[in-house]
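You will see two complexes here that share chain A, one where it goes with chain B and one where it goes with chain C.
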Partner chain A sequence: MKGRPELYTSYGQDMGFLNTRPKRAWSGGLVVLALVLPFMITDDLLQLLATGFVAAIGAIGLNIVTGYAGQVSLGHAFFLAIGAYTAAALSGPEDGRVIGFGITSLPVWLLASGLVAALFGVLVAPVAVRLRGLYLAIVTLGLVFLGEHVFREWTSLTGGPGVGRPAAVPELFGVRLDQDSALFTAAQQLYLLMFVLLVIFGVLARNLVRSRVGRAFAAVRDRDLAASVIGVDLTRYKVLAFAVSSFYAGVAGALLFVVNGFFDPGSFSLLLSVQYIAMVLIGGAGTISGAIMGALFITLLPRITRELPTVLPFISGDATGAFTVFQLEAVLYGVLIIVFLIVEPRGLFGIWVRVRNYWRTWPFSY
Partner chain B sequence: MSAGVRGSAEAPSTAVLEVTDVRLAFDGVVAVDGVSFEVGEGELFAVIGPNGAGKTSIFNVLSGVYRPQQGTVRFRGQDLIGMRPHRIAARGMARTFQNIELFSHLTVVDNLMLGRHNHMRYGALSAFFWLGRARTEELENRAAVEQVIDFLELEQWRRYPVGLLPYGVQKRVELGRALAMEPKLLLLDEPVAGMNVEETEDMARFILDVREELNIAMIMVEHDMGLVMDLADRVMVMDFGRPIRTGTPAEVQQDPDVIRAYLGEQHKSVTP
Partner chain C sequence: MDEFLQSLIRGLGTGSIYSLLALGFVIIYKSTQVISFAQPAFMLAGAVLVSYLSPAVSFLGAVLVAAVVIAVLALGVERTVLRPMVGKPVFVVAIITIGVDVVVRVVTNAFIGLDVRQVGDPWGLNTVSFLGAEVQQRYLVMIATTAVVTALLFLFFRYSRIGLAMRAVAYDQEVALAQGISVGSVFALSWALAGGLAALAGVFVATGAGVDQQLWIVALKALPAIILGGLESLGGAVVGGLAVGVVESLFGTYQGDFAPWLGPNFGLVAPYALMLLVLLVRPYGLFGKREVERL
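Coming up: the complex of A and B.
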């Protein structure tokens, strides 16, 4: 059917991954942009963007359990930590001061970090079967404090507070991606690695949520009584949502450690969980692209607020003043969550939908 | 269908559902007591009664939401008591709700696809890659969903989130979700509640179509007496959790106990 690209002649076309021309054009354009970017901007910005991509993987994970399956989890930082330390321990040197197994191959430790985190997710999930809403949030909150304590005390794994341990070694096909090579700098390599991984995990997640499984998640979220009466096993899908979400968190944790190079055991705290909640809510709960937008937004936010002291002199640029940028950031997370929940509950994704619909009919308003 | 053929409260020869002496109580409050009935193949069985008579409680017992203290429920030869709702659904029992229980953020197509949840078998791993089995099953079931859309004339609403649709259409989508399950027994909880005359007639036509073309046994709870008396093969009248009469619409209408339950003691004469 040439000349009529919007005419679907099979369900396969209708249910396709990128089923409209604008979707294909935008996705293609963004991929091209992301691939040329490393040769145009500075390495520290690249590192920031790479962090954003990794955060996006984590946010997609949280969005699966919270946005799609409707199980509010404040424990995301805990699962990130599990992934980070699994990867670091697997790839660390065998005779170092902390636990290490010397397996530096990236696919191996990445998969392992996801699987170990998923295992913990499955262990926690039975609680979600019994509780819902705020009660579940409180229990998962407890998980963060539990984890924080264990990671502080278990110095042979984490290196201890203030000291830490080296991140996992990203070695792919015998190439160390965290060291400059003949062609690329380390920052460019890590940026490209994280971008490719984000695309892979994004596509997988998108497939999952448009499948039978994703629909079952949404059914559990919207009306659990109706879900069970039409044949959805509530227990099974709540456990599955936690497992997938924790897998993504584990992977993101491992990669976040690699990009940052250092993590204090105390940084897997409630604030980190709240940041991920903010990513999901600001980006748009229940959408994959929204989670990516939200993650990039929250990751880039500190860079913008750091510039504020030059414009607004009453904000202190270091940690000593009456009102510091760090306090401002913490306040902003809260304010942004509230503003988005009230003004645009569908988040950045919702704003994008509005922009899209405006231009679809332009120059006519209806 | 004359009263002679379906005319008594006797057991139909091939029963899809057999309910025997069910009692359901919440602490001291007895919701349902001593309820027994059978539903035959392709039969349209109605349950009526004043508010609070226990009609919806019976549905909740049948679909596994409540567990009765006493009695048995046999569905296609298997005892359902203690079985969880999703297992019962998988055995072929579908249901609509008095207050619409659709997944309001999902589109009509997705709601109907959820009705076909148990017709697909692929798991999370193949869902991730959307290849092979996942893709084939999705496409097959999408085609099946289109048949339901065609049957209930939902074409124009296909892509809308159901929360945005008019009330009458939502009721129809809920019926569609139940039909998409390809059930052996369909429970309709007040299918025309809150509808105007036109919407009621549409729904009545769809219920008749379900019966004539798909030959699915149905149990219907409804307050619209005109609809019940026109459509049902047999009617069970309930009051205060107890069945007071089971029979054809004509028999039930003339029963003094039924008239008393609906209109009170003082009325001596009622024109049916």
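Coming up: the complex of A and C.
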């Protein structure tokens, strides 16, 4: 089969990880670019990108339950909050204003926050297993409101609304990553940390969804009754989808505020859930790389709109004008979701596929 | 006892707001199988419109005009944004309505500004003696209006030709189409009805405290109401709405004494807890119908 890399003779080849030469080249190129980037751009952009990478981990999680397993969840903000507070409580100082246990080692609190969030996912799943479609969406929405209430009132954990508490302390092998070291600035270290974690969790998710489990998820999504007839255990796989998705959400939640260093219970509102839904839908539901693209796009969007007033003078840059960037940003979320769903339901990933197919057969692209 | 009666009336009053909103949700759901998350925005827009119109054309006139204008707005949204999506997965359409909601709300917020706007209702916070308890007039007005609107809707669906068409579409779209019913206009009409109901609900929410940018959150309380009642049931929407209002109000009054560990303001989220409990027992709500599935 030499010289014909796209001729597949087995299912395993077709489902292979990075199975074509262009895929390997592109992925390698992107990784190299991402590793070089911290030495070329300014720290505030790096922080933004780091936040984007974390959001990508969360979006991958939502994509597993919504994009692959077809269980619409508007409750992602709740699981992000669980992760964020588990991590912050574990790594916080023991004698502080808010609950803390002083375990600052990053792998420990990262794993713990993922597991606690997954536990909550499993607890919620029994309700979810009995419900379908929009009923499920609304129930998970209720979860966000209940969570918001608990976090608002439990001030000894969360610091209370408007006050907040410090985020988790990222310490790896005794090195504080959020402080400048001899070689790197804090922003560079956090950027690299988030990037490495994104690669790890992205590869794990990609491997999950191309396995037996992933095929079961897709079967449940496409027609759950048919799936159960051919022997897919619906309860088992729905619970599993929620558990994995919540684990990712927990991990993302734990890291989400590390870059800023501070967060308050007001952050975990319905808006956050909608943002993650937007990431998944704009990026492309049911694809890992789409979730990453969507997350980076949504995270960078505010930055782009901030630049708009210099180009379009009728938009006001501060909060006082008739049509401000903040309004524009909120409208853009809505408009982008609508436009993508109507025009390109496969999202950014779909656009990429079209570009790829155009060039693959270039110059005979018809 | 007075305290109980007061909170009961307050609960039924706010509950009737939820009922109006829930009716809108259910009407749209029955005809198009989609939950429209755009209802909060229409509700807000209705209240804001009334706050601008009422100095000019009196409160009652403003309410009527606003209900019609918002109904037309909702119809326009259905025509332009939702119509291309007919036949797409319901979840996708539901997400689009979230997008619509965000856009309409941001535009409306620009008209609110940072202040609280008054809708100019004649009741304010005045109270009246009712069965020996002092209750606010506006709650009684809400209950009465909702009763009238619900009765009118019932008559409309039961006896009018268009109502019959809407029921037929809810029952089976293809068969209705084959009988010569314009399914498209039924979709549009159901959005218009829901928009009008939302505008009316918005005005009621704004009586007393006025309109601010956070008003739309109230509309989300209608979601537990429709789930409680069952998505397909108009009667269930009314019952669910009232139940949510009463639970919220009673929790607000008594939970501080009986269950302080739940934290203050638990009443505001109690409907969601109630919804979770009901769904554990009856996954299709109290009056919803169990779906028969075929491969």
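Quick notes on this one:
The rule we apply is simple: the second predicted complex is superposed on the first by the 350 of 366 C-alpha atoms of A that agree within 3 Å, B and C clash if a C-alpha of one lies under 4 Å from a C-alpha of the other, contacts with A are read in each partner's own complex, and residues count from 1 in each chain.
By our rule, a contact is a pair of C-beta atoms (placed from the backbone, for glycine too) under 8 Å apart; a residue touches a chain by one contact, two chains touch by 3 or more.
The model shown is predicted, which means the values in this text are computed figures rather than measured ones.
Annotation for the three-chain superposition on chain A: chain B and chain C fit side by side.
By the touch criterion defined above, A:Met15 reaches chain B but does not reach chain C.
In the superposition on chain A, contact is made by A:Leu134 with chain C only, not with chain B.
Applying the stated contact rule after C-alpha superposition, one finds that A:Ile342 touches chain C and leaves chain B untouched. Judged by the touch definition given at the top, the superposed model places A:Ala87 against neither chain B nor chain C. One of chain B and chain C touches more residues of chain A, and that partner is C.
Of the two partner chains, chain B is the only one touched by A:Gly286; chain C is not. Of the two partner chains placed around the shared chain by superposition, chain B and chain C are both touched by A:Leu225. Across the overlaid complexes, the C-alpha centre of chain A sees chain B and chain C at an angle of 80°, to the nearest 10.
In the composite built from the two structures, the nearest CA pair linking chain B and chain C is 7 Å apart. On chain A, the surface patch touched by chain B in one complex and by chain C in the other comprises residues 223, 225-226, 229. Listing the residues of chain A that touch chain C in their complex gives 72, 126-127, 130-135, 137-139, 141-143, 145-146, 148-150, 152-154, 223, 225-226, 229, 270, 274, 277, 281, 322-323, 327, 330-331, 333-338, 341-342, 345. If you check the complex, the residues on chain B that touch chain A are 63-65, 84-86, 89-90, 94-95, 97, 101-106, 110, 113-115, 117-118, 120, 122-124, 127-130, 134-135, 137-139, 142-143, 146, 177-178, 181.
Those residues of chain C that touch chain A in the complex are listed here as 34-35, 81, 84-85, 88, 90-92, 94-96, 98-103, 106-107, 109-110, 220, 223-224, 226-227, 231, 263-266, 268-269, 272-273, 275-276, 279-280, 283-284, 291, 293-295. Partner chain B is touched in their complex by these residues of chain A: 11-12, 14-15, 17, 204, 207-208, 210-216, 218-219, 222-223, 225-234, 240, 244, 286.
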